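A quick write-up on the structure given underneath.
Chains: A, B and C, in written order; residue numbering restarts at 1 for each.
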Amino acid sequence: MKRVYAKEDVCIGCRLCEIACVVEHSESKNAIRTYKTEVPRPVARNVVEERGPLTFSVNCRHCDEPLCVAVCIAGAMVKDEESGVVRHNEEKCVGCWSCVMICPYGVIKMKPAAKKVSKCDLCNGRTMPACVQACPNRAIVYEER
Amino acid sequence: MLYYDQNKNYRDFEVLRDENKCIQCQVCVRQCSYEVHTYDEKHDEVTADQTKCVGCHRCEAFCPTDALKIRKNQSEFRDNALWTPQYLKNIYKQADTGGVLLTGMGNSYPYPVYWDKMLLDASQVTNPSIDPLREPMELRTYLGAKPDAVEVHGGNGHPRLDTSFAPQIPIEYPILFSAMSYGSINLNIHVGLARAAEEMGTLYNTGEGGLHPTLYQYGKNTIVQCASGRFGVHTDYLNAGVAVEIKIGQGAKPGIGGHLPGEKIGPEISLTRMIPEGTDALSPAPHHDIYSIEDLRQLIYALKEATDYKKLVFVKIAAVHNSAAIASGMVRAGADVISLDGFRGGTGAAPTMIRDNVGVPIELALASVDERLRQEGIRNRASLVVAGGIRCSADVVKAIALGADAVYIATAALIAVGCTVCQRCYTGKCPWGIATNDPYLAKRINPEIAHEKLANLIRGWGHEIQEMLGGMGLNALESLRGNREKLRGVGLNETELNILGIKHAGA
Amino acid sequence: MEHVIIGNGAAAIGAVEGIREIDKASPVTIVSAEPYRAYGRPLIANLLSGKIVEADIYYRADDFYEARGVKLLLGEKAARIDVEKKRVVLESGKAVSFGRLLIATGGIPFIPPIKGGEGSSIYTFTTLDDAKNLEALPGKVERVVVIGGGLIGLKAAESLHDRGIKVTVVELADRILSSAFDREAGDIVEKRLKEIGIEIVLENSVKEIVRAKGRIKAVILNNGEQYECGAVVIAIGVIPNKAIVEGTGIMTNRGILADGNMQTSVPGIYAAGDVAEAPDLLLGQKRVAPIWPNAYLQGRYAGLNMAGAKKPYRGGVAMNSIEFYGIPTVSMGISNPPDEGYVVRAVYEPKKNLYRKIVLKGHRLVGAVLVGQIQRAGVLTGLMTGRTNVESFEEELLNGEFGFASMPPDVRKKILAENR
C-alpha cells in the first residue's frame, strides 16, 4: 500500500505538515478558524523531530502487522482489511497508552486531558494526505515502497 | 527600538502581520534566518523585530494563512533628489562601523537597460513567418572555434569535409548556467543545475570552488572554472567537464577578488576547494601569473595541454571600457569561447560601491566586442557567451541578434529556485537556502525540485525563442546570430545606436 | 481441519484472527466458560469506576464471530481434553472434536488461605462478573481493603475510590508495584495515590478477616493493627489456569510449556496467553508473562501456525502501561535487573513526578521504566525488540524527548526504512 515517508535531507522543519494535519482534522477545515476558535484543537498526527539542523517528520506506517492493533484493549485500533489503513476510533479509546508504549515509530499522539490518543488516518481516503500536499519541499512523500 | 542605535530604526522594510489571520503557528519564526520573528510563549504571540528584515519574503511565502505582508518602510525623509534615503542610510551605517558597504547580486542602480530599448522584427506579407509547432526550428548551437574556411571535396550530392575542426560543444539551447561556486551557493543547487543542464542538453559552470565528487557524473554538461585562487584545480578536475573557463573577472565586481570567510569552509567545501577547513578562501584580484595577453596565452595552452586539447578553454572577463580590444587579444591568445560578463552580473558578495559604479552594460559591450572581432576577421575563432542581467527569453534573442552565440544566466536561475533578489547573499543566511551552506538552510533547496524548475525555465524560454524566431521568419537560431537588422532601437541617441550597430525604430 | 479454542480472551481473539488470515474455511469453535463475548479484561476497572458502560467493554464488532464463521459456545466450561480421541469434553457433557486445539484459558486469581476468608464480601478482580459484583458495593459499604499493591490491586483500589469508597491497600513488600516497576516509580505512584486519598500500608499483610454475624467488619494485619472495612478484594496475583491439562501428558512448568510456534509438547495442541509459558525475547528462556500484548500476539501466532503458516513467534517482552491519576507510567522488559551484567541509568525528579530509567546489557536495551513522560515510549520498545546496539547513543535514551533524531544516522535510517 501507499505509505507516507519522510526525507530528512530536504525536510526544512517548517512544520506546515502539522498545520495541514490539524486543519484537515478540524471541524471547519479552515486554518484560521481552526486555530482561533476550535477548542480543543485537533493535534497533529505526525511527529516532526528536530535536532540542530536535522529535521524530519515521522508518520504512521499503517503496518502490515500493526502492534498498536494487537495491544489495544478497547478495540479502538483497527486495521481496515481493504485499504490497509490503521484507524483509531476515539469513542472506544480509553487512553490506556498501550499503543503509545508499543508503536515502534512513536507516532501515536497522546491527548492527556481527554485521555485519548490520536493517530494518522491517511486523511480518510484523501488522494494525497494533507501533510504530503502541504510539504513545500517534497520532504514527505506518499508512495508504494 | 529600545537599545538599538537610533539610525538602525530607519529600517528598510515593515513586517505587517494581520492579527486576525495569524494563528501563531510559528512557521515564520522558523523560516526567517534573520530572526525577525519571535514567538512569545507566555502571551501566545508572534512578534517581529523589523529592523532585521531584509525583505526576502520567505516568511510571507510560507505563511499558511496569508497573514504577512512585507512592505517598504512607509516612513519618509524629506524629498531630496540628491540625498535619497539610500545614501543617508549608507552613511549612517558606515559612520557606525567604519567598514566597506557590502552587497550581493548585481548592480541595482537605474542605469539604462538597453534590452528594453530594443525591439525585434517580425515577418509580414513579404516574407512568411514560421509556426514552430508545425515546422522544425533549430536552436542547437555549437560552441568552439570555427575554421576560417572549410574545404570540401566530392560533390554530386556527396560532399566530404576536408577541414578538421577544433573540438565543439553542441548545446540544445543557447542558455548556459553561469559560474556560481560551491561555497557561495550549496551543493543542492549545484546538483539541480547539473541535472537540469543534463536534461536540457546544455551546460552549467562550477564556478571557482572546485567540483564536488558527486558531480563528476555530469561531466558532459559541465564547465569547470579555473580562477585566481585556483581552488580545487587538479588534473581530474580539469578533465571532468567539456570545457575549462579561466575566470579573469566578474561583472559585479570587476578588478576585485573574492573572499569566502573561514566559517563557511566546512568539511565538504574544504575537500572540494582543497584548502584546510576553517581557513579563509581568498581569490586574489588578478591571477598572479597573468599580467599580459601573452601570460594569458600561456595559461590557455597550459590548460589545453593538461586536457589533451580535448576541452574548450573559455576566458571570462567583466565588461569594462576596453573589452573589445581585450577580447581581441583573448581570441588571439587561443580562447575558444569569450565569456563576457556585464555590470549587472550577480555575485555572492561585492563592495556596494564597486557593484554599482564599475563596468559597462552588457548590451553595449557585446555589440562592440562582436563588431571588433568581425572587423578583425577573427569572430569565427571563438564563440561569444554573454552574461549579466539576462532576465527573459527576449533578452536572449536580442543578445543573439547582437552577436552572441549563447547567454549565461545565474540570477535568473536562482530566481527560478526561489531567490527574491534581497541582495544579502554575503551574509550566508539566505532564507531561501540558496546562497548558504548552513545545513539547516541549505536543505531548503531540494535538488529534485531545483532540477525541475531550472529545466522548466530553459524549456519555457526555449519555446518562446522558437516563437520569436518563427515570427521573424527564421527557422534556425544560426540565422539570427549577429543579425542586427532584426533589431531596432527606441529612445536611443545616435552614439548608442552606433555602438549597438542598430537602426532606430521607424528607420 | 477443525480448530477448537478453549477460552475467549485476548489470546483466543488473536488466534481467530490469525487462523482466518490463512484459512478462511475450516470450522472454528470457541468454548468459553464466561457467558460473554470477548471483552477487554483490563477494562473491568474502567467499568467499575464508571468511566465506560458495559457496551464499551466488548472490543470487537458485534458480528465478529459470525463474520468469521466461528461457532461460539458461551457459558460452556471445558472439563477435560482427550488427547487420544482428539476431543474436548465439556462440563455439560457435550464433546467437541478438534484437529488442532488451542488452550487459552488465561489466569486465575491466587487466593491464599486467610482466617475469616470464607464467606461473603470477599472479592477478586479479574472478570466482568467480578466488576459487576463490586458495582453493588458503593452505597452499601464505606471502606474496602484491597490485599495486594500490584497492578490489579491498584486498579481495583482506584476504581472503588472513584466510586466514593474509602480504600486501603495492604502490600506485603516494602513498596507498591514491586514486580513490574521499581522503587522510584513505586514511590511516585504511592505519593500520588496517597494525595488522592487512597491509604497504603506497606510491609504488612492481612492475618485475619473479622466478621460479625457473617458480615465483614475489619481486617487484622500481621502487626496487629486493625482496619475497619465492609469488604475485601484479594489481588495478590494471577496464576496460569492450567488445571485442564492435568493428566493429558501436556508438559507444564509454571504454565503450559509452549515452543516458538506456540505448540505444546503434544503436536496439534497449542497454548497461548496467561496460561502459557512461552519464549521471552529478552530472557532467552520461557516464562509466564500475563499481559495483554503477549496474550494477543501469542494467540495470533498460535492461530497462524494452527492454520499451517509456519510462522514462529519471536517471543514477547513484558510491558505494562498504566496511568494513576494523571501520572502515566510504562515499564518494559527487565525493569528490576539483578546487579550483575546489567547497566542501569536513570533520571529521577520526584518533585516533578518524573522518572526515566533504562536497563542495558551488552549495549542492548533490555528494560525501561518511564514515569510522567511516556510519549514515544514505543521507540524504546522497538529498540528493545529489534535488539539494536545502542552503544553510540546510550546517553540519549535518558532524554524524555528521545526519538529518531537522537540516534546516529545509520541506525535511524535503517529503522525508518523498514515497514512492519
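The definition used in the following text is that a contact is a pair of C-beta atoms (placed from the backbone, for glycine too) under 8 Å apart; a residue touches a chain by one contact, two chains touch by 3 or more.
These numbers were taken from a predicted model, which means no experiment stands behind them.
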Graph class of chain-chain contacts, one of line, ring, star, complete, other: line
Centre-most chain, if every chain is reduced to its averaged C-alpha atoms: A
Separation of chain B from chain C, taking each centre as the mean of its C-alpha atoms, in whole Å: 69
Interchain centroid distance [CA atoms averaged], chain A/chain B, Å: 43
Mean-CA-position distance for chain C and chain A (Å): 28
Contacts with 2+ other chains: residues of chain A: 55
Chain C partner contacts - residues on chain A that touch it in the complex: 3, 5-6, 47, 49-51, 54-56, 58, 61, 63-67, 70-76, 92, 94-106, 108-110, 112, 115, 145
Chain A contact footprint on chain C (complex, rising order): 10, 14, 40-43, 46, 51-52, 56, 58-61, 292-293, 296-297, 300, 319, 321-323, 326, 328, 330, 332, 374-379, 381-382, 385-386, 403-406, 415-416, 419-420
Touching residues on chain A, where the partner in the complex is chain B: 9-16, 19-20, 31-32, 34-36, 52-53, 55, 134, 136-139
Residue ranges of chain B in contact with chain A within the complex: 20-21, 23-27, 30-31, 62, 64-65, 188, 433, 438-440, 443-444, 446-449
